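In what follows, chain A forms one complex with chain B and a second complex with chain C.
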Partner chain A sequence: MATAHSRAAARIMIAPATVLLLGWMLIPLCMTLYYSFQRYRLLTPDNRGWVGFRNYERFLTNPAFQDALINTLLLVLGVLVITVVLGVLLAILLDQPMFGQGIVRILVIAPFFVMPTVSALVWKNMFMNPVNGLFAYAFEAVGLQPYDFLSQAPLASIIGIVAWQWLPFATLILLTAIQSLNSEQMEAAEMDGAGPIQRFIYITLPHLGRAITVVILIQTIFLLSIFAEILVTTNGGPGTASTNLTYLVYAESLLSFDVGEGSAGGVVAIILANIVAIFLMRMIGKNLDA
Partner chain B sequence: MARAITPRRKAFNTALAWLIGLAIFFPILWTFLTSFKTEATAIADPPVWFFFDWTTENYSVVQERSGYFRYFWNSVLISVGSTLLGLIIAVPAAWSMAFVPARRTKDILMWMLSTKMLPAVGVLVPIYLIFRDLGILDNVWGLVFVLMMINLPIIVWMLYTYFREIPGEILEAARMDGATLKSEILYVLAPMAVPGIASTVLLNIILAWNEAFWTLNLTAAQSAPLTAFIASYSSPEGLFYAKLSAASTMAIAPILVMGWFSQKQLVRGLTFGAVK
Partner chain C sequence: MGTITLEKVTKSFGDVQVIPPLDLEINDGEFVVFVGPSGCGKSTLLRLIAGLEDVTSGEIRIDGRNATEVPPARRGLAMVFQSYALYPHMSVRKNIAFPLRMAKMDKAEQDRRVENAARVLNLSNYLDRRPGQLSGGQRQRVAIGRAIVREPAAFLFDEPLSNLDAALRVGMRMEISELHSQLETTMIYVTHDQVEAMTMADKIVVLQAGNIEQVGSPLELYHRPRNTFVAGFIGSPKMNLMSGAEADKYDATTVGVRPEHIDVTPDGPWQGRVGVAEHLGSDTFIHVHETGLAETLTVRQTGDISVRHGDMIRLTPRQDEMHRFGADGLRLE
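So, the complex of A and B:
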């Protein structure tokens, strides 16, 4: 039984974390909101004033915004499809009996620990470079013209790089989920004459449903904020071909020094992320009761 | 019981899995190999695999020209510092939520998690301006604070899920025997909490080490950690493949090793206990 004394102590112990997080969340959030209704450029800081919704109007009607919105969606969906589909297949494979399972698993999850700037630059220079990259050699070896991945298909190339980074995460979580699958159920299905594909569709997939949802939601949160990979490979270009929402807001605020419009963009990004967050929180919240 | 499986099937699984595993790992392996080549061998056509004159020259050049260890040290300070600071704040909070749950404990936990969903770019402008006005742009301690804040929800959550597995009856027994709050924590709880705390520390050092939004936007020459240092190779220096590889290898090696040790905790930490 918790005594009144320990309850008071408990409250004091929660306080620092709660107060810090509250401040960390509320203060910048209010400032972003405040700036988003102001004319505020860092190059002309004295010329400030209220402009109503004009920053939002400018940000939302900026052609770059529509490109960025589409690119963000393509980036998130592209990486999700690749990582979830390959992740499920890979997790099923890694769950099979084999020699050196532990080592294979270590190899597969390694990319997740590579910092984003390293993986982006290694892929950009050592693989995708049209002159000296390994892909250029490979293309040459089979008699094809070298392909300049990052200028001809910038978004697809970035999707590839990011998918390489996140495939380990999806695989690891799905593998964990598969390992909790009841093997007796599998055997029963097999004895009843269910083929491998039927077993996959009627037993494995439904069992993985929850894990797949978690993977999709958590990855979406991170993928909406992809930044470093774009910064070091394409700088959002050519033009806006690989600019996502995060990069656009960064460019508006820290490259064009337009605090007002950058803040309006920040608010838009928050709203979009929150739509995803609501679903994720429901999932996790349900699990907390169980 | 594992189901029976033919040797041929097992051989096939093994071959396929190793093939895919090596393909996924290949960019890291290639970076590692390239770091020991000369610049000329690094871009040789056709590519050279294992048989070349291995040299460690790139490593010394990277250190000499750009003072690699300064960045390395910044990364260590930022990742370890933010994790330890976060721990000091999170342990009491997680402890009390796990052992003295109140009516609103769940709400507080969920709210803490929700702060993690706030996209960084949404608060980039104010944080940047606050840092500028406080004069802590490009300051290691400023970054320690920021990374502590962004990882605090994960630290609290992970610790909470670990602490909750410690049976509360043991604490009651200790209290019956007249243990004070202090001795209860020190002699009863701490020994059982160590494994959970260790994995939390491990995962958070990894996350902070690889964080590449705030470290890129809030630093310049002085406090730049490895993420920012490597980003400076984006052009045109990145075309020196051997040196890029040496710098990259040193940047990822320590965290790769830590990561392999924390596979299990990773799942738990990153899914907030939703998948175990």
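So, the complex of A and C:
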């Protein structure tokens, strides 16, 4: 498969897909770049023109920007910590032989199949609602004041909801990794005098290193752009308490009808995502080398 | 110290009894080899001794103390696995030091022991590599190194050489024997390789379907197999076993004679047609058919004999090397 002829054939075959993908990604990106340097408000659509970096200036000096930046990072970090830690524990649990293993595994994976909007609505209305929610009932049952999660601790609540959605993904990947652990290695460690906790630290965790890296990288990509959960639960509020960058871009461009500033926000978000990616690859990318 | 005693030990997986009641005595400093066909329970028996499997009933004593309920780490035994089971993310040094680190031994002593083991096993130049960067034989030595630093009461080996090529296997066989005479520690060694069993063992335990068929020194097993199973299992090529008229002449149900105890002579009592003749250089194994005694007789001759496919030859067994077995398969004296 490596003759000059077969390589040329391969290139021709994948060319249409590559061109389509490039168009699909490049055109919107270029349009965003173009609009980000334009004055383009939907309320005054005729008043268009080049404004240089003014859109960027306004987006970056917007007091909401700093909050959104911090919220974005907190959201990503919080969900990563919860899903990786709980995912490792759940994966170990699911790896134990037990009654009804197949069904339990399907149940654990189920949340991943629920659409983000739906699961966020379910959480908002059925669990976290301060009047009708299950949590409110639980609080009242033990004689406590119901807690209004989404207005008292909006970001933490959203982190909880998103973590709940992504836990199955982490668990699944970590479970397959655990299953590939050579059982003789565990037995050797047992004979060498390592207790269960030491076996976890010295054998299981290093073995999971690569899988954890994959989980972190993939989840980060998706978590940087969380949107639906915020839109249907808190609308970014109260104030900017649960606004992340994606939501801020939405709020600027569609709620304030300012396409120019929204586009500038989009470009800023892309740059931020790349900065995060570079940091991640520097920190944990070496785990991916065989 | 390293005496191990098994008393009426049994092991069942679910309803299947893999080891029926079994007694075995292993003395301090002995090199004991378990041999037997695949699936006969050698690994299971070793894992029972190691504590990696729980016995279903019976008692295991190590140095006179009942160890049946003692967890593997506290039995004072070290095991070398078939797959080596090295820790892939640790350097060779850390692999070897792992049991010492778990025992919270002080750093200086750890280093001293690791250096020592590395010198004995010729690993000094590889201490900072990962297991993935070593050859099969080197990995094997690391696994042995990890076992010896603990100074255990006994070593357990489960087919440690089966992943190595033939030449390396011969080398490692000698190294392990050498190690045994240096350390004078009890070693239990599982294999299904005849040559390993015969050359390394002080005592061979022949197993079949979880039963001990015979325990004895290699030569004892070779010269006086207790039953037809051991007779057929020990020795390579296999002993020729015959029943029927030939056996009746010796007043037995089955008689056996080893290939090396049959001579090709012009006037022997047996005759047959040569099938395949395997010329190994030093030896020739001749497979003889149509003898009327058994399907095939295997005869071992010196390398320079010239026989060809289809030749008729006459054979003389050495009368004093005939083995007689009764109806129950047991040896008749």
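To be clear about the criterion, the second predicted complex is superposed on the first by the 263 of 290 C-alpha atoms of A that agree within 3 Å, B and C clash if a C-alpha of one lies under 4 Å from a C-alpha of the other, contacts with A are read in each partner's own complex, and residues count from 1 in each chain.
In this section, contacts are C-beta pairs under 8 Å (C-beta built on N, C-alpha and C of every residue); 3 or more make two chains touch, one makes a residue touch a chain.
If you're wondering where the values come from, they're calculated on a predicted model, not measured in any experiment.
With both complexes brought onto chain A, simultaneous placement of chain B and chain C is permitted, the two fitting side by side without a clash. When the two complexes are overlaid on their common chain A, residue A:E187 makes contact with chain B and with chain C alike. Comparing chain B with chain C, the partner in contact with more residues of chain A is B. Looking at the shared chain after the overlay, A:F149 reaches neither chain B nor chain C. With both structures placed on the common chain, the touch criterion links A:Q96 to chain B but leaves chain C unconnected.
Applying the stated contact rule after C-alpha superposition, one finds that A:I203 touches chain C and leaves chain B untouched.
Between the C-alpha centres of chain B and chain C, as seen from that of chain A in the superposed arrangement, lies an angle of 80 degrees, given as a multiple of 10. Once the two complexes are overlaid on the shared chain, A:F59 sits clear of chain B and of chain C alike. Shortest separation of chain B and chain C in the overlay equals 6 Å (C-alpha atoms, whole Å).
When both complexes are aligned on chain A by C-alpha atoms, chain A residues 187 touch chain B in the first and chain C in the second.
Taken together, the chain B residues at the contact with chain A in this complex read 1-3, 5, 10, 13-14, 16-18, 20-22, 24-25, 27-28, 30-31, 34, 43, 45-47, 89-90, 92-93, 95-97, 99-100, 102, 106, 108-110, 112-130, 149, 152-153, 156, 172, 181, 206, 209-210, 212-213, 216-217, 226-228, 230-231, 233-234, 238-239, 241, 244-245, 248, 251-252, 255-256, 258-260, 263, 266-267, 270-276.
Those residues of chain A lying in contact with chain C across their complex are 182, 184-185, 187-194, 198, 202-203, 206-207, 209. Chain A contributes residues 1-2, 6-7, 9-11, 13-14, 16-18, 20-21, 24-25, 27-29, 31-32, 35, 90, 93-94, 96-101, 103-119, 121-127, 129, 132, 134, 137, 140-141, 164, 167-169, 172-173, 176-177, 180, 183, 186-187, 210-211, 214, 218, 221, 224-225, 227-228, 231-233, 245-246, 249-250, 253-254, 259, 262-263, 265-267, 269-270, 273-274, 276-277, 280-281, 283-285, 287-288 to its touches with chain B in the complex.
Residues 50-52, 71-74, 77-79, 81-83, 85-90, 98-99, 102-103, 146, 150 of chain C touch chain A in their complex.
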